[in-house]
Amino acid sequence: MNPLRKLLDSIEPKVRNNKFAHTVYDGLETFLFQPNTTTSVGTHIKDGMDLKRTMVHVVIALQLCYVLGTYNIGHQHYLALGMYSGLFEGFFLKLMYGLLQLLPIFVVVHLVGLGIEFFFAARKGHSIEEGFLVSGALIPLIMPPDIPLWMVGMATGFAVLIAKEAFGGTGMNILNIALVSRVFVFFAYPGEISGDICWVSYDYNIFHQIFGIEAHTLAFHGWDKLPAKVNEIMVDGFSGATPLALAASGGWEAVQSATLPNGDQQYSIANLLFGILPGSIGETSKVFVIAGAGLMIAAGIASWRIMLSFVLGAAFAGILMNVLHVTAFPDSAFIGVPWYHQFLIGSLLFAMAFMATDPVTAASTNQGKLIYGFMIGVLGMIIRVLNPAYPEGWMLAILFMNIFAPLIDYYVLKSNINRRLSRVA
Amino acid sequence: MSDNSGIKHFTKFIFSLLPSFSKSYLLIIFTGFPFMAFSQSGGGFNLQSVVILLLAATMVLVVFLFFVFGDHLIKDSARVAGYGNKANTFGVLPNKEEVSNIIHHKHAGANKVHKLEKGFDVKIKGKAAKVIEHYDPATYAVKPYDFKGLQPIPKMSVEVGTEVKAGDKLFYDKNYPDIFFTAPVSGEIAEIRRGDKRAIEEIVILSDKRKEFKQFPKLDITTAPRSEIVSLLAESGAWSSFIERPFGLVAKLERVPKSIHISTFDTSPLAPDYAFIMKDRGTHFKKGVEVLKRLTDGKVHINLNAKKKPLPFYSEIKDIQLNWFEGKHPAGLPGIQIHHTDPIDKGDTVWTISPMDTAVIGKLFSEGIYDPERIVAVAGPQVNTPKYYKTYLSANLSGLMSSVKKEGTRFISGNVLTGKQVDPEKGHVGYYDHLISCIKEGDFYELFGWLIPSYPRPSASVTFPWTLFPFEEFDVNTNTHGEERAFVVTGEYEAVLPMDIYPVHLLKAILSRDFDQMEGLGIYEVIEEDFAICEFVCTSKQPAMAILRDGLNYMKEQS
Amino acid sequence: MSLNTNSNSYITIFLLSMVIVVAFLLSFVATGLQPIISKNEEVDKKKKILKSVVFVEESREKEVFTQDFVIDEYNNKIKELVVNYQGDPIEGKTAFELDVKKEFRKPLDERQMPVFVYNDDGGKKYYIVPLIGMGLWDEISGYIALEDDMSTIKGAAFDHKGETPGLGAEISKTKFSERFIGEEIFGEDGEYQFQVLKGTGNLKAEQSTYYIDGLSGATLTIDGVNNMMNEILTDYTTFFDKVKSSS
Amino acid sequence: MSTETATAIQQKSEPLFSKKNQRLVSDPLNDNNPITVQVLGICSALAVTSQVVNAGIMALCVIFVTAFANLTISMLRNYIPNRIRMIVQLVVIATLVTLVSEVLKAAAYDVSKQLSVFVGLIITNCIIMGRLEAFAMANKPWPSFLDGIGNGIGYGIILIGVAFFRELFGAGSLMGIDFASQWPLFTNGIMVLPIASIFLIGIFIWIQRSFNPKLVDIS
């Protein structure tokens, strides 16, 4: 038999009496091995698909976003500091910088999240559920790249504790866990997640120092380029302003006319599509998000209904805004951004692909999903464009509709019930 | 006929794709050729691109011709080898008849075909070959547990040692003293096996192999009053083959159903071919349907598979309704068919009966004997030579198991979704079952089985690579492939259940004991077997059937 | 119980007597406490005015601005003044009691504009002007003190009703208001020049006395502050010019 | 609470602090807490808990009002016409609240400004009305008084507990003394928003239920 199996079997008796240790053991065991349980009641055979596999496919669909996010952190960092402004200049340096910036965030999210999951699973005597696989993969992607680690930890802890465990664990939550963690940062530490400077990581953390990334900058570019002087470097021409912020102040023209210190266009269509721009870690790249969404739809894991109606809703609201711009508010810049360009800025597509489609918090009926997606699209666009205070609407729109999802389902079910009743009458 | 021709399956599969655009990936591959050609030349027409296009087209043509010529060669050699007419079934390409069966569903004629898009076929290796063997074991056993809605301890009419003939009363339920359960063969009561709390598990009859039948009066169906017909059915033991909906219990004598449904095909995994089983029982069947017509106020519905040529006698019967269905499992279940043709509302009663039992009733009325002859398929990946056995109701299993690997095998009376596990030595075939499924036990660990599965397994999810080739049959086992979780994924039940019902919400209503919601969401229209495919595909591994039965019991208590 | 508590006459008598008792009690308390309450209110407003000219860290605010200190400081050092749009004083009005919000809604020629003049121990004069405007969500207000060149800021203090905590709400902190100290409002040619910039860490703010850093992420509240200062201080320019030319 | 009752006259046979009377005060602190168990008086718990001092003063006001409203109504309970008892209760509460509000404005103007309308809104605090209806109308003055004090304290400890965390993590200070506002951990924006109170009360209820087995069956 497999030596790994033997090892696990030899450990099992030792942890059997300790509740917590056994939960951890059980989590590890079911991660490594599909268990040997057989069917007892009901069907004698079961589908090869289980929740772990479902969840891991979402994580797989996120991988492209992770790769680009990692590189983009490094690229934006050096861009802001006026070094290696070509996309592939200093490729490994940028990759390394991004990796060392992202990895600690990823590790902290999982330490905190899994820690809480393990604790509650042990307390309830349940096995560990795999819901955190997806939340844990999503949370780092929707955080600003230079977010302090303790803040990520707190946000994750808050989300898992309040939004999930308090409601009874995986499958019982009302609100999207990943978004709750972001909304926590957004309201608790607004300075860290709004404005122009938070979307680029300027600093060097301890890992950058250990691996000599900082020393490299020092050696080849001098003291000037160290973060203490970041402000001056920024003023030299690099603006961390995101396309959203630019669009809010000056419309689509402002987005298009933003330039880098070397004179290049900062937000060309190609940059917007591939996500070479300041922003949250993983949600910048439209192409890779669409690729992930495509994978999930092809695999039948995420609901195409939600995605489709989301896009329709956003387009509908966007067109409405454009009409308003022509008829009523010709001065307001953001309203005038052409609706199809709205898809290129901000995290619209990421929210569509990975946030709105969370099966637990979305509407659960097929018709309900269409309404749910459409409403998010409309609401999110309204919050994005018309609201002066919150720069992006999807987080709030999705959380808002999370709460209304059961109501939507209620009416869909009610129509089914009425259909059945009308047969009798 | 060579059943193992994978290439043949593949070509069949390609043909089955052509008319349906729902699975268009092959189309994409073929249309991909020209695009590839253009991309080689950077867009635009030029000499190079045309050459590549022509090359690609030629390649497709060559492959096609290769298939055609190869097919002819094989068929010719088969003819030479002396297979005669059967030679047409050889070869790599399907013959004309097979192709037309796949492409045009002409059996239904101009009638409406209920095309059920949703559903899922669990394809398992080891379908029974169309060969019948006679089988007459030493013991037969009637199992009170087979009949839903009965008390666990029925009232016995016999005791150990009593001599019985086929059709003699064995026991009845205290609540329904007019419905009798009778012996399938003649012989001596060998044992009354009891289980927990003295509930009776089996009444074992030691067959005397003489096949003596109790003689019942021969009733004239057209003139006899309904009450006499009913009481004859109840006396003889044929009554218990009626299943009453809602709740899926043995039918009540006093009820008059609004319709009776007969499903003439089974889509469940490893299902026996009803057309094969029924092909010699046309006269009895027709007589049986005449009896059924007397029992209902409404119509007798005979539900046919639009994809297969039906047995001729189905369409010969007058004054019945023929319904044509096409689709994956569970399209063959009467519950789904009723939902689409004659839905059950609150207060309605509908009965279902299998065509085989209808034939038994026909024989009862034409010859006056209760002769529950059964053709049982023994199938599954664990069976060396899966085939059919001609025997009687509730036959002992031990003799059927000669060709089955016994080690690590689970024996199931019925199909792998709804059947019951039985003991291969002492067990007997269930009352309503025409199939013994033999599959592997899945009590083993699999390293990263959830991520990188080490062997193919059936799944409705397309995340498994082999789901791209829908012709594949699987060697299944009973592993749960994951642990039980809360309902997380939505829409997967709906995707396989071709009914206008919200299964997950119905189950949740049951769990929260919400009477009105259960009723509103259509609990009367379903019984466990309808939800079996939902339970199979469930990624959260929820016991959907058990929950539904729980709900049905609750509804029955409340109403 | 012989008493029929449900008869109409009993209820009427009960209610009447209760109302009388309560009315007496409350009016007694109210009249007794009124002087103290109105004094409290007065001190509160005076403190706000003083905060713009006497810079004190938030942590020490409570120790410094005691009731006695506020009253002494205000009564001894502040001279109230009401001017019209041409900068001429209006007699018979007390600046302290003017409803600033109402005044700044009136057309310019009807407006009565309060000015508080602070005379410090060294004989210097500081001119304090009330500010009022709209932030992101609700009203923002404040006082700004100018030195007698009528351009250099001596100090400022802001208040808000409902700005976003952590972002716009930061304007009421001394961390923000201390940035105003020493900056200049009007350029060489007398044009309004001063601006709170977007975000922090602006090089422009370090180099020029017309610009200060804002609050990152609170663009719209800062816009409100800029608008408020621009509008109101521009309205005062004629008065400022008069003061400058007279001195 | 014992100090203020030292002057009370020994009544009848029952001792002043019998087991029963002690329970009147201790029950609302845990098993029957007006906020975490009965879930009353949430509105003011959300609004006035941004600072410990404010919450403490609010709590004192509520303790005063509940205690004396209970006392007054209990003394009058045999004379109050049943048809207008709600109005009488309301008048008593309103009088007491107005008193409190006036005194507060005179004694602690800053605090009264921050508490703004919420002192006035004590009138609508369901705890007080609830205690009057449920307890004072049917019990003797002394137990009613104790019940009022108990419920007021039960309300107060939750209020102060919530305010403690909100002030500590929201403003980085405690009792108005700033000691940590330079650290971002202690300037949590959510804690400044009233919504934090909902989370905190929820967590309090969670903790209380996991330690108090008596409460589990109630839900």
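Letters A, B, C and D name the chains as they come in the text, with residue numbers starting at 1 for each one.
Note that contacts are C-beta pairs under 8 Å (C-beta built on N, C-alpha and C of every residue); 3 or more make two chains touch, one makes a residue touch a chain.
Being a predicted model, the structure only gives us computed values, none of them experimental.
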* If you check the contacts of chain B and chain D, which chains show up for both? -> A
* Structure fact -> When centres are defined as mean Cα positions, the distance from chain B to chain C in whole Å is 84
* Asked: So what's the Cα centroid distance for chain A and chain B, whole Å?
  -> 45
* To do: Calculate how many whole Å lie between the centre of chain C and the centre of chain D, each centre taken as the average of the chain's C-alpha atoms.
  => 35
* Asked: Mind pulling the chain A residues that touch 2 or more other chains?
  -> 188-191
* So which bits of chain C are touching at least two other chains? -> 164-167
* Asked: In chain D, which residues are in touch with two or more of the other chains?
  -> 187, 189, 193
* To do: Just spell out which pairs of chains touch, all of them.
  => A-B, A-C, A-D, C-D
* **chain C to chain D touching residues, read off their complex** => 1, 3, 5-6, 10-11, 14-15, 18-19, 22, 25-26, 29-30, 33, 36-37, 40-41, 43-44, 58-59, 62, 164-167, 169
* Asked: Which chain A residues qualify as touching chain B in the complex?
  -> 2, 4-5, 30, 32-39, 41-54, 56-57, 127, 129-131, 169-172, 298-301, 303, 359-360, 362, 364-366, 369, 409, 413, 416-417, 419-421, 423-424
* Touching residues on chain D, where the partner in the complex is chain C -> 78-84, 87-88, 91, 95, 98-99, 102-103, 105-106, 109-110, 113, 170, 176, 178, 187, 189, 192-193
* Structure fact -> Per the touch rule, the chain A residues reaching chain C in their complex are 188-191, 193-198, 230-232, 234-235, 388-389
* Structure fact -> Counting only contacts in the complex, chain A reaches chain D at residues 148, 150-151, 154, 162, 166, 184, 187-192
